[in-house]
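Some notes on the structure that comes next.
Naming follows writing order (A, B, C and D), and every chain is counted from residue 1.
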């Protein structure tokens, strides 16, 4: 994407299923003795592979070398679901969307910029109109925006943020971990593996599952949709046909995920994966039941 | 209810879990040599016990004896989900509501009356205002109703009926049977029993499950709601504490039901029922997967 | 209605367009030396005629004579729009609906009963099922209701009451008076008259307008609907063909009412009423503009 | 905007309130003997000034000179409200949005490109990512889009287009003309002028009204919003403080517009404009009433 904008970019390639490689980053930053690298761009949670990179560690790597590059983070499938500390981690630009952890329709692109990033904007040379921060900064103080906004989505976002706050962000993160653990137990139950192998990087917002050799994962996704009314994510690019994805972020609970796990089982059996019915979902049920919070009394429910 | 309205009523008592007893009905009708019984009232699908009575057989019983009583049918949890033939079965009054098989909010009470029932109305002596058919009949021809109608529900019903017709009523009935079979397989998997023992009467719109001796079914329902965000039905009246209910009628598919089965498993385990996680839902998954329709090709899905 | 329920009822007839006649009521109550009259039933705001009866005065009449009858009030088109003081006025039963001042769809019938009314219920002999207070009283304490409730309407009512409280009931009443005054100015501008002649009784929730002799008011209503997409109320019963009605209660502001006044003007001209275009709405505009609240500054609007 | 993208642009300046100047365009195109001008960009309906440019005439101008430039048209506030013939007028790129004539929320930007435009794309040098036609063309054939789409808006657009087709595009255009004529009659009634003076260019989707000398139009807009809950458009840029705007496009009828005209009258009086209450809206009422379609009979309305 940045290359298409004519930017000079060094991509740190790594195995699909791994997170951002801090060692390689350190190497590159150290070699940049003239401090010409302007920004380090990281995807916090990679939706294609089910990998959550370690942003604090990336930050620390940059700090240790004392490199002044901006830290740009794609938080599309993380912010609102996983822990994300813009200020503490000294992120410079973070972006997210309305359609993931905020659980509202697609349509809002949300950007947060540090003072340092806004400063950099002043000397930035990329031609831009719609995406220019300056127009936003000029119109926001009077309660306005430069272009016609989508009011329904703004009202929706207000409601969504209210719900997240009522639950408490720590509880939100704990709920996402719990859902992800349930999904991972199911994968174990099936005798399969997630694309992400290193526990440090396993994502809590989605789980990407490898189908066994010889089974086209696309078939699993197609059957789930056509027979069971279930939308699984397909394998993209390098992992096309090799993995399918179960998203579990946003306004979601255990039984919704169980429903998806049941559907995934049925579709896999249809597609020829050798698993026993219930082999995965039973593990999730067991995990969810054993780790559920203390049961509130009926009295506490009727106010 | 009819007694509270001061009506002289003979109730044919039967074991909870059984359907309408045609033999006893025949006996009573035969004894009524003066043909003083004005109506036979039957619940088509009993929501408390998960029993579907055999209306054609009830009709046949009345016909054989040649008894002129009206046939009144409560179709609240059957019409729109189970086969129901008002004309063929020569039902005289049938009632249903908007909140069951029509899948829209509570608020509409729907009544269908035969010419014979409308005739009987003319000599009926029960004091009535709001429920008087005559006001309806007087105002309907001009496209009107006697009282302020709920327009949103009327629009909703139009949409709901359109959806049922698009699916085709035969397919709708088949889908309800299939869901019910899935639920019954799960009950077998748990080693439990439905309250209704006779296959002839097992309901396709809901399944009522007996908890083992010593386990208060209310506890299962409370836990499901409090811990897993799942609304199961409680045991009512005679079967209070002994059964819980899973509804599976209306706009529903396999995975929604799987979700409820998973939740019921977790809540039962919490409540002390000795079942293995996945023991029931795995049977439902197996049944649904094996009996699913032929898989449409991707091409057939993208028009 | 009460007669159809077999109740022995004395109707105090009065000219359509007048409110409840306290003098005649006093006469009847005084004559009832044995205190056999069980209840005085009054419509607070009569939707057919645009008349608001004087409930405090009715109460006072009953008090002066020291008659123990219950005071039953139909507040369907008043409660939530006009001042209504259940406790202060010592009303015994008041009813209203969701579809008027609460501005939500038809479907909820709301009843408020005094301890005295609940006491009377114990000895009441009318056969009843669905409308029995006892079932409500039995189930309410546990946060429940005896029949399947319409949850969407209950959520709607919560939102509606929240909005009324945010505006403040005094402001709500003042707004309804203001809207009604605007409508009445328009009627003056047209050179027409409201059915209600006595200012004491003119309703603030709707205005009922007499069409000139020779003009069928039904025609005005039909044209408004067919040509201008405007629903006016028709003349009912005795005043059929003689009046049309403009409702202005609930979630409504000046410009919405102006819109209806414009449509009424057009439809009246079409129907042959001799009025000049703008003759009525201009008076409403003038009144609304002159009496509008102090203009908030832009700063006060942007928080 | 195009300048900010670093494009070399010649702007044909004209008086605000005038449409695209075909004579000046002809002059420039003729002077371009080497045919280096790549595109002529015109706003079909200018929302700031209430002006509709004459696209067929612009096309004819280009044709007469036989200039090969692309014709790019901004149809944001015209397409779906005013006549627009992409093929007949041989437009090369047209854009519109969801929030104007389609009457759905902001969020969709719709683009239509001619084969010639798609050809030009191949050699275009502007750096682009999100706005690249190529990504669309690559993904559309399989029923897909390159980025996460807003499904609610796509469903909304389907409903909106269905409604437009049911009404018939000719009727839609006629309705917009009729609404605009009503607004223009009101302006005459007020003794004021529209910013657009030439009848050839007066817009049917909005009316831009000049406030008299000495009256800040911003004040009219602020008062309308704060006192009467009415959103008028402010004067932008060169005409700031000099005009206010009334939009009348999309899912709108006569009485909705009357409502806005009443509010504009009140706000103008508040702001010190010397007009009599009703002076404008009465003219609109008169026009709408006299030109309304034949009145359908009641029978034709009840099917």
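Just so it is clear, a contact is a pair of C-beta atoms (placed from the backbone, for glycine too) under 8 Å apart; a residue touches a chain by one contact, two chains touch by 3 or more.
All figures in this text were calculated on a predicted structure; none of them were measured in a lab.
Set against the Cα centre of chain B, the chain with the most distant centre is D. Of the chain pairs listed in B-C, A-B or A-D, the one whose interface repeats that of C-D (more than half of its contact pairs identical by residue number) is A-B. Averaged C-alpha coordinates give centres for chain A and chain B that are 44 Å from one another. For the pair chain A and chain D, the distance between mean C-alpha positions equals 40 Å. Between chain B and chain D the centroid-to-centroid distance comes to 55 Å (mean Cα coordinates, whole Å).
Interface residues of chain A, counted against chain D in their complex, comprise 1, 4-6, 97, 99, 105-107, 126-129, 132, 148-153.
Interface residues of chain D, counted against chain C in their complex, comprise 222-223, 225-230, 253-256, 258-260, 262-263, 265-266, 269-270, 276-279, 281-283, 285-286, 288-289, 292-293, 295-296, 298, 301.
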